[in-house]
């Protein structure tokens, strides 16, 4: 009995880490499983498709599901994870089943990393983080390693009002509106539409032709909105 | 007069004058009295007539409001300013006509509108009644000088532009239109704002 | 008559837009734009005082026109009329609606002395408007004032963006904005304002 | 291997503001080709002078502000080419230079340059030229007669009345519609070849460098007004044909109206903006002082654009929502 409790705790931890990162998800819905589709951010769109926007479901990623199954059926802890090595810094985009704790550098080496790699990122290509030390280990939550030979150019233009950020946002936020209000110097909290529901997927950042850091702007706007009117706080 | 208190007093008056004339210029910083500069300031003769008209109306109105300051309730001040401008406009227009014959008639609507414009109104309503007479006089002279300076600068530039510039290029017909006045005012205001920013930086640096 | 009024109002708002083409009253509009909450009432006051000024102009003209020194007396008479109009509005408001008056005292005064208001009688004399047309023109001036303030309120926000050079940020850029906008209105009127 | 750190995202969309500007500049260059084939090097000299002036002005401003020149944006090329293409080919060379300098120094940089200017800089430059030097801006040479137009010097020419000027006087232009399509009618350099303009517009829309709704609504509003209130005694269709194909209306609709920096944020707002600009252009043609109304109309529409934006925001319910803790 105690063993089962431990596995359930492990499963919960895995689900939690899945929530924080990863690209492919299966939504356990009764006994059914569904494919997430290719549009980013997959899990939020999947949730919306299956739950109709109501917050009644939860999701478990494919890997977490497999690990959970292994844990419950065979009583085996998760010691391995599948990592995708991608980017123009590796010879070919490949998936590797590696032991948890393997250095990131070893994964890259196996994928045929080029000499002129200048940036290595762990996690999603939109919301991951860079690593400068290749001896860092792969964790159970690591899904992808990205190696790039060129730094992402970040030439920032002012907003060109294309509206792509609003179309990309899975939460229906209008990042341009938040940015415009912030840039006006005196943002009106009531004009910061829906910013508090940002999930930080960075889809707006990726599609912005002006290279504006919209996620940061939306987060600042959310903080501003939470603080309310200056008169209220004063 | 050599008493240190007097010197300090005079210095303060000088600062009031200087602020009105330059650093807190009513047109370039306060965005007041835009109409005469934009619409009528396209020739030096026009500008000179407007300056005389403005100074000779503004000074007595300001002094009168300063004297009435404590007697007059706050809500009645606008009416007093308008009525005083109506009275003092008559000698001012006569004087301008005497100095530059035919100029006031040529100004047309601008003469009407200079008699009581927003510079005069704002200063006479808000500043004069709450300050002593010498300060009010220094302020009136200061903003009159500021207004006149901007008006003359803009007018000189536009007159030159109308004639095709100093190098005798093609005449720019548009310089007589208000938009040229606004554009020149914008650039002058930017210059002044730049100077003011530089000054405040220097003061901030000196205070440390 | 109503059609005449509306047509003249439209004339005041569009082609003869005193505010942008001529620049009259822009100081007031800029002031109102800085405080967007007051725009509506200020426009109403401007319309009221424009009406008063226009009617005063119509009334005074028969006495002023034959005088040889009409060029001298007309502005003074007009200013006196503006003072009277201010009292006409301020005294009853102060007596019967003191709270309203206290809240809007800062807008009524500048509206009475606004150059757009004082320019209305000139326009009325120039075009030979009757009373109905003058009323339409006054309403149009109020609407134009509201429109100008609404445009300028947003222009001021645009002029204070993070990329603008510091010496231009704020008022100088707004003045250039007004200059370019008055170029557009000059496209209607050509090389003349009236 | 030396690794750097950078903030996410690590992948971005291919289309950047710079590439959109580049596509627009390329389309404007394509418009220069027919005049170059027909009249030699003068169109090139005009465009070059105007673009160089823009470049020089931007460089000067960058120097004065002691920042890196923002030249990669190619906005200077778009402004310079638009200004040159809206002026007659026979205009003295200083005219595009003056208009371009005004566009950059007065309409662009005081507000922060590309993406921040509240008015389309090229439209402001042309309006400035029209107001200051109407004679030079609206005198066109007769393309029907063979002239040698020197590339750099002022040219002597036989002036012809453009279709827009004839329409303004209530006369029916005696010009074959085919001439209007191919650009052999008197008019601004880039505004006459309607076919090339249409092709450029299509290319820009297809490669998503510009959005079609502004242009379409602009043209629809202008066409509707032309059909309902024709200026010359003719059938509505003829009126629409002449109004749309004459002067700078088509050029402004295709290249200046969709300027992303000034148009409203939403598609509905852009439609309103385009329709307003189109209607204003026709109003300027009918009641205005000059034969070209579109640049003035665009300035007016630019001023109204923020009002349209906020009206749309209010109608869509994007304002007034309080904080909802999730």
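We just call them A, B, C and D in the order they show up, numbering each chain from 1.
Please note the rule applied: contacts are C-beta pairs under 8 Å (C-beta built on N, C-alpha and C of every residue); 3 or more make two chains touch, one makes a residue touch a chain.
Source: prediction; values computed, not measured.
The minimal number of chain-to-chain contact steps leading from chain A to chain B is 2. Across B-D and C-D, it is C-D that has more C-beta pairs touching.
Chain D has its Cα centroid 40 Å from the Cα centroid of chain B. Averaged C-alpha coordinates give centres for chain C and chain D that are 33 Å from one another.
Chain A and chain C have Cα centroids separated by 56 Å. Measuring from the averaged C-alpha position of chain B to that of chain C gives a distance of 20 Å. Contact with two or more other chains is made by residues 158 of chain A. Multi-chain contact residues of chain D, defined as those touching 2 or more other chains: 106, 110, 112, 115-116, 128, 131.
Chain contacts: chain B has residues 173-174, 177, 179, 183, 186, 190 touching two or more partner chains.
Touching pairs of chains, sorted by label, consist of A-C, A-D, B-C, B-D, C-D.
For chain C in complex with chain B, the residues that touch the partner chain are 21-28, 30-31, 71-80, 82-84, 86-87, 90, 94, 101, 105, 108-110, 112-115, 118-119, 122, 165-180, 182-183, 186, 191, 193-194. Contacts from chain D toward chain B in the complex involve residues 94, 106, 110, 128, 131-134, 136.
In the complex of the two chains, the chain A residues touching chain D come out as 87, 113, 115-121, 124-132, 134, 146, 148, 151-155, 157-164, 174, 176-177, 180, 189-191, 193-194, 196-197, 202, 205-211, 213, 225-226, 228.
By the touch rule above, chain A contacts chain C in their complex via residues 158, 183-185. Residues of chain D that touch chain C in their complex: 61, 65, 106-107, 109-113, 115-116, 118-119, 124, 127-128, 130-131, 284, 287-290, 293, 295-297, 299-300, 303-304, 306-307, 310.
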